[in-house]
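Both complexes below contain chain A, partnered by chain B and then by chain C.
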Partner chain A sequence: MKIVCSQDQLLAKLQIAARGVSQRSTVQILSGILLNASGERIELSSTDMEISLRVPLEARVEEPGDVVLPGRLLLDIVRALPAADVTIAQPGGTGAAQIECGPSRYSLNTQNAEDFPQLPVPSGSSFSVDRAAFVDTVSHVGRAASKDESRPVLTGVLVELGEGTVTMAATDSYRLSVKESALPGATGDVQAIVPARALGEVVRISTGDSLEVSVQENQVLFGMDGVWLSARRIDGQFPNYKQLLPQTFEHEIAISKEELLDVIRRTSLMAQRNLPVRLSFEEGSLTLAAQTQDVGEARESLPVDFHGDRLEIGFNPDFLRDGVESVEGDTVRLKLISSLRPGLLQGEDGSFWYLIMPIRLPS
Partner chain B sequence: MRLLVARCEIAYHGRATTSLALGDRVILFKDDGSLCVHADRGYKPLNYMPGPTSVSEDGDVIRVYRAASDETLVIVVHEVLTDERRELVDEAVLEHDGAERQWHLLLERAPEAIEVGLVVLERERFTDTGPIDLFCRDADGRTVVVEVKRTRAVAAHVEQLSRYCERVDRDPAHKPCRGILVAPEIAPQARVMCEARGFGFVELDFGVLKGEVAPELTLFE
Partner chain C sequence: MFVPDGANILHADLDAFFASVEQRDDPRLRGRPVIVGGGVVLAASYEAKARGVRTAMGGGRARMLCPDAIVVPPRMSAYSEASKAVYGVFGDMAPVVEGLSIDEAFLDVRGLEHITGTPAEIAVRLKREVLERVGLPITVGVARTKFLAKVASGVAKPDGLLVVPPEAELAFLHPLPIERLWGVGPATSAKLHLLGVATVRQVAELPEADLVSMLGRGVGRQLHALAHNRDPRRVRPRSRRRSIGAQHAMGRRPKSWHQIEVSLAALVERVTRRMRAAGRAGRTVVLRLRFDDFARVTRSHTMPYPTAQTQAILLTARALLATARPMIERRGLTLVGIAVTNLEDGSALQLELPFNRRSRDQLDAALDQVRDRYGSAAVIRAASLGRDQRSPPPLLPD
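For the complex of A and B:
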């Protein structure tokens, strides 16, 4: 195998492919990047068995072949090379690979390409959707997904595709984030739980106007400017999020988003060690307070249109901030029932909702 | 502890022969002579060597030799990003089963199981004689030091509580504090000592407590 390509092209593509390289080295081959050169086509592939990436590379193929190179090291080498043409060759198709660029020469141990896992390929049922709308929807809900691997289904985002629409939902059991969007190009009635990490990579990697989506039995594939990211679908029953939304609320308060965010940011500095921020609603005002013993306390009020009996409710300050930040528009609508029932954050149009469970406040 | 962050190459010879090409790494030279080399990724060190070792430096080359197993590590430093030495003070012991910590968390949420009106101000509050399990305030506003044991509390635990109370009493804001020993069972001698020193003691069944404490609020199970 022998290919020649520019250093900047190779670096740009390797930076994408390296995101799929396994960081756990128990299976050695997964720490590598497969470089496949056949005909005029060169592809870089990586996988950690949760997500896989196939990245096209513009290069001159002087001798076809394939080889697995150590992913991180290859990236480090190419990053350090001068801006010139890079030649990667494996004479005879076996043994060490030779990398040459200007005066630099490397000999790099390789692994057998036949040992590299077969990566999914898009099937005929793929369709093209509006990238910006898809990425925007992911950005609204992704942070509510759980990072606790003991409940895999909660580490995913439920993606429901309809005719020209998408609904995404994510929850870690303490908060639930749901966003409905128009998604030009979406077809069919498809539901899949996709790892939140995979969708995060789609947000990072994707460019251009459109995004190819292919939903298969066990995989979901996303095509972005020739790059294909595949992710295994998470098995399991996603919580029925529609049932979690309370039918009625006792209070609905409209608050300036920026003003509320600023107060949360300032106050939560004093909510250390997982302590809650306390929201106290009284006639015409909202006071946020946080206190950490032996550190200090913060308190700040803002005028709000609240009527009725005093209501105190505590929230995880990070979760509250996430929710308010995710709301679109200038106004946050906060709906509450009581200090032990979930609160709801919504924007002006209702296409996004963020349900957040309170924390019991010490009496 | 010496903390060296450097762009370096590393060669190792001993039980195997390995080499690490040029890269940015964190190298920890610990006070017991052990050494760890970490990269930006992964939790395992790229290279490590148990102590005792001998370390010699010659210009940009650092040689670490472990005589017991005839292992050598050679670090060629290309660029020093950080090089600092720190004296670390750490007498805490790693708890493997987490059981005691879980009880602390439970009691933090249900301090009334120890005493009505008790409020937990801080868990594992640092003192120079060890961490106080629960640093509390009672209904009268008096500071309370709670020592929690997951097995039978004995005389040594009362001594431990005494040390903590003595430390806390050095701060006029908390003096005079009270001490409470909490365990599934308190040995007779420990009870006598508690009474003699004015400490309280509470026997708690943590299994029962776990069932009684209000769970965290979640949207679903």
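For the complex of A and C:
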């Protein structure tokens, strides 16, 4: 095998492919990137068995073939090379690969291309959706997904596709984020729990106006300008999120988003080690306070349109900030029932909601 | 101006604690020898102690020494309730309380002379309050150091009060037998007696180097310091325990995967109930395994948020067990244990969304109430039906 490719092209494509390289797998082949120059399309592939990437590469093939190269190392090498043509060759199709660029010479140990897992390919029905709307929807909910692997379902985002619409929901069991969007191009009635990480990569990698989506039995594939990302669908029952939304609330308070965010940022500096920030509502004002034992405390008030009996509620400051940041527009509508019931954050319309459970404050 | 410390450390020690609670709650036991615990003696009333019965003595020997003793089974929940009430009194009396165990604590009352009284006055009131509010006799030793306060209460027992004023410390300390020194157990005591050393004064007369060469560096230095009445330790609230756990030895006969899972669930139920009773929540679940060859491994997982919920901890524990399955099937399992660490105060607790209509927390609270009232075996998992339902050994509160 022998190919020649410009350094900037190779680097750009390797940076994408490297995102699928397994970080800590004990299966060595998964730390490699498959360079396939045996067919019509020259391709870089990587997988960690949860997500996989197939990235097209523009290069001149002098001798067809395929080889698995160490992923992170190859990226580091190409990043360090000067802007010139890079030759990757494996003479005779076995043994070490030679990388040449100007006066630089590398010899890299390789692994067998036949040992590399078969990656899913798009098949059956796929459709093209508006990329900006899809990415925007992911950005609203992605942060609420759990990072705790012991409850796999919660590490995913529930994606519900309808005719021209998409609804995504994510929860780590402490907060729940739901966003409904118009999604031109979406068809059918499809539900899938997709790893939040995979959707994050779609946001990061995708460019252009549209996104190909193909939902298969065990995989969901996203096509982005020739790059295919496939994600393993997560098995299991996603919590019935619709029934979590309380029917009525006692209070609805509209607050300037920027102002609230600033106050949260300032006060939460004093809420360390998972401690809550306290929100105290009194007639006409909201006071945020946080304190950490042996460190100190912070307190700041802002005028708000609140009426009725004093209400005090504690939230994880990160969860609260995530929610406020995700709200669209200049105004956050905060709806509350009591200090032990969930609070709801919404923007000006009802297309996004962020339900957040309080921290029970010591009495 | 330098003001030398006065005698302002109290050592408060409940007398024959378990037995006193039994005598308090059953008038027929008062004035009679009472032994708590049928097997090993967990506690003996002073009437039984007078006949030679000692804590940790075998039941047979105790009954031989004291045939008319009334033996009662332990009621741990009554003792822990009484202990909590007594600690409540301690907290009302002193700003700094260092608990040593369920029935004894150090109290630092410095600086209270002009507020609530001198240490001796506080000690008198402490005894009265414990008797009035909890109905139990307690002995208090008052001294300038923790060591002397503890020795004083030991000398004053039962139902006593002894103040060692700073100027009388050596006169009090030196005639005492060496067994009163902290760290002198049967082995050290025997070694010293062989050398003809029987009193604290005689220890004080030995050079430190001799004590170290005889008894080792740690013990030798400590005895030298104590015999010279040097004990700089302050009274400080004890740091709370860092983990809560339980384990189950399973024997060497082969067992099914299902049996292992059932044991794990029972352990998690026990541990989480204790956590909730202590008002603690934890983030890290540690699974302990011991194989047929007695080699041990642990597996742990840290959750994003502390919890004391049975279901949440059970899910994590099961996931850990599943990852260890190949190892267990290959090597056989003789013990499974679970511990929750990274404990935090449960007082500021992140609540969870009610995914199920009734929350898991409500279920836990309801089950705790049933078990507190009717015993651990009153409600069990269906999978545990037909299994040995012996209640776990009684535990003191965490």
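Methods note: the second predicted complex is superposed on the first by the 360 of 363 C-alpha atoms of A that agree within 3 Å, B and C clash if a C-alpha of one lies under 4 Å from a C-alpha of the other, contacts with A are read in each partner's own complex, and residues count from 1 in each chain.
Here, contacts are C-beta pairs under 8 Å (C-beta built on N, C-alpha and C of every residue); 3 or more make two chains touch, one makes a residue touch a chain.
A quick note: this is a predicted structure, and the numbers were derived from the prediction, not measured.
Partners chain B and chain C clash in the overlay (superposition on chain A). By the document's definition of touching, both partners, chain B and chain C, reach A:355. In the superposition on chain A, A:72 makes contact with chain B only, while chain C stays out of contact range. In the superposed model, A:327 lies in contact with neither chain B nor chain C. Contacts of A:215 after superposition: neither chain B nor chain C is touched.
Contacts of A:23 after superposition on the shared chain: chain B is touched, whereas chain C is not. Of the two partner chains placed around the shared chain by superposition, neither chain B nor chain C is touched by A:33.
In the superposed model, A:147 lies in contact with chain C only, and not with chain B. Of the two partner chains, chain B is the only one that A:293 touches; chain C does not reach it.
Taken together, the two complexes place residues 171, 173-176, 239, 244, 340, 342, 355, 357-360, 362 of chain A in contact with chain B and also with chain C. Those residues of chain A that touch chain C in the complex are listed here as 146-151, 171-176, 239-240, 243-244, 274-276, 314, 316, 340, 342, 355, 357-362. For chain B in complex with chain A, the residues that touch the partner chain are 21-23, 41-42, 109, 119, 121-122, 135, 214, 216-220. Of all residues in chain A, those touching chain B in their complex are 23-25, 72-73, 76-77, 80, 171, 173-176, 239, 244, 293-294, 340, 342, 355, 357-360, 362. On the side of chain C, the complex with chain A involves touching residues 301, 303-306, 315-316, 319, 344-345, 347-355, 357.
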